[in-house]
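In the two assemblies presented below, chain A is common to both, partnered first by chain B and then by chain C.
Showing the complex of A and B:
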């Protein structure tokens, strides 16, 4: 094996392991996003209540989660959950970590979306005497969705790239597979480059697709 | 390390990570800003040979995982004879990565300056240099400061990644202590609080900067927050009005 440069046969031999990792990466992204969207919505709703202490607690939580690194949050979950008797796999811990971390910013996205609806819409709905439930479901949320959805899409793409942090808590996702191959064969060029290329292709294509969807939506 | 020691004994060792974390954060930010400016200018340049490479760098760094980029700089570049010290590799990747994201902020900032300003300064015969640094940039700055404040916090969190390439920052030290103490949860809990305190400090700093810039250009300051309450009419959430 040639020590310097790119070796195609070695690159090909790393593909099965990388793709196995890629599956976990995608799975973690999807589950993490679902958790973040649900938890983010719950946080937003809690922040809207008139119950001041509750709002305060939720705000403190959001601020704390947004003010600390995901890496450290993952470590904490990884070591704390077993202490509480919750023995889950590293993968589940990772998904929970991603979900909680992103729920804070998702909640900010929902907030911005809801606040972005023109005040006149509220006033008009009030004047028309629509019931509160109807105001939300028929007037406010559909308009908020239009601004929120593209941002959520971008968050999924961001999370996809950040799932690589799960490698630090022993989840064998794509980056972990790549560094694993690298440390065994002492050859990092191919696995790390291929992993990077895979991240790039997927997120680049999804970002472009998202933009197209967005443009189509505005034109419709 | 000694097994009979407690977290308190390791606290000085842990706290020594704070200057390292701040150093990485500040250096990376110092690199990200000029990189972002150059990329933004390149992206909107009239020549394709400037636009294209700028676009390529932006897409490359935004498109792939930052941790992969970091590992690539640390593990792969030496294979090509480029053996960067860990700190240089870390700051380089963090700065280029965040710079790619921030180039968008510069673009938006420049776009926010009314066209008449450019036309007026052209008419007055200002040099391109003067036009940019004395007309466009000062007016674009107030719009850009809040995202920069945000970026500073992002960079602080981002800097924790360099612990994975042997830089002895807060996270790296926390890992060492956790391994030797076997008391991981407490150690990482403490580190999380330290990071949060640093984030609050930086965001206070950013808010001050924002107020200062706004005061100079005569704009009311809107403030800078890590989180806020959702503002909707009270009746909309079922409260009695």
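Showing the complex of A and C:
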């Protein structure tokens, strides 16, 4: 057994731990995405109130979140917030960090989607006298969704890869499992390669699937 | 003006295919008399930035009148329609539709006070518009487009809405295209769906904003035919912005010539289109007819 070459039986032995980490990675992605979608919607709605001070605050928040690295935000949430008495598990902290970080860009995506609906659609809906709730639910949002959904899909894939940053705040997701095995066994090649391969396969297949959905949608 | 247009005109004159319901209209005098105006604008002005689009317009339209609005682009014709249906608010002046103010209410002392969007929303129900670019809802079928106002404005049941929507689409000759989306229809078919959708609420006034301008030439007539049938078979008031002079001459009983934000000529088509008083009208007609 040399430390550089590939050992299949060792590689196989790392799989259970890696898959346990993979479960956490997927869970963090799903929960983080759900939080980002909901928070992003809230930000978009707050912006659309056209309430000047509110818009200013929301814009400042979005700029700040987008203008600082996710890793720094995770460190702040993990190391600084507990000193102010806010403390939860590393996993919840990680999900909140991902959700907040992605909510900023999600809100931009929503806004672009809504603004991308042709002005003639508003005019048709208003001149028909549709109630404002119906204008949103029946006319504007379904059309905004067509442009928003593919972008959100790509965002989920990006977040799936970014969950690896949670390893820095002790969340035992897939990358943390891989480095953990490496540091115990003094062999990094197999676990890191397998982890990398899993990240790649999942994001590649998802991106392909998403593209197919998109094409299907256009043809529909 | 095209000969195709004239052919369509004769075909319609024979009365074939006129199955749009309601009473045949009687011809109206070309000037609206005082109290019974269904559209009344008084001193209406509208500017965009420095550009004055409409300049203190007074316009009274009698019920059942068919008015063609002609004039060079940018002269304010389309803006008048958008003001009439309350899509935009005038900078000055008042607009009444069917006796109700669009943007004002009477205060306690009888004076006019500003009213909000809710007032405009209520008044809009009595008036329909067909846009140059159709503005159909692209994610809905033809049937669903027409059903939309029936379900969500009139509050009809799904079955009743469907029955009415199918009836309307049949009237505009689209019985076989109920379940197609706008993208699967030609421009002419899309515009006919848009007309059916506007008719769904049985408006008292219909506005047509250059409804054939975005169409390929061979599709113009099928849309004009539907508008003609509507004019012959219903008693709706119609205001039509159009560059189809022959069409205007055929179905309008009053023609307004716009120039630079003002109505510079107002009279029956036989006068405005055949024997205009203003030099500006003559040069405009010459330019349009020589196209």
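The rule we apply is simple: the second predicted complex is superposed on the first by the 220 of 220 C-alpha atoms of A that agree within 3 Å, B and C clash if a C-alpha of one lies under 4 Å from a C-alpha of the other, contacts with A are read in each partner's own complex, and residues count from 1 in each chain.
Everything below uses one rule, namely that contacts are C-beta pairs under 8 Å (C-beta built on N, C-alpha and C of every residue); 3 or more make two chains touch, one makes a residue touch a chain.
The shown structure was predicted, so the numbers you read here are calculated from the model rather than taken from an experiment.
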Combined model on chain A where chain B meets chain C, clash or fit: fit
Partner chain(s) touched by A:59 [first = chain B, second = chain C, both, neither]: first
Which of chain B and chain C A:126 touches, first, second, both or neither: both
Arrangement angle, chain B at one end, chain C at the other, chain A at the vertex (C-alpha, nearest 10°): 90
First, second, both or neither for A:184, with chain B first and chain C second: neither
Touching partner for A:142 - first (chain B), second (chain C), both, neither: second
Which partner, chain B or chain C, touches more chain A residues: B
Superposed arrangement (fit on chain A Cα atoms) - minimum chain B/chain C Cα distance in Å: 6
Interface residues of chain A shared between complexes with chain B and chain C: 126
Residue numbers on chain A that touch chain C, as the complex places them: 118, 120-121, 123-131, 134, 138-139, 142-143, 146
In the complex, chain A residues that touch chain B: 3-4, 44, 47-50, 55, 59, 62-64, 66-73, 75-76, 79-80, 83, 104, 108, 111, 114-115, 122, 126, 132, 135-136, 140, 161-165, 167-168, 175, 178-179, 182, 187-189, 192-193, 195-197, 199-200, 203-204, 207
Chain A partner contacts - residues on chain C that touch it in the complex: 85, 87, 121, 124-125, 128-129, 131, 133, 135-139, 148-149, 152-153, 197-198, 201
Sites on chain B touched by chain A in the complex: 59-60, 63-69, 71-72, 75-76, 79-80, 153, 156-161, 163-164, 171, 174-175, 178, 184-185, 188-189, 191-192, 195-196, 199-200, 203, 226-239
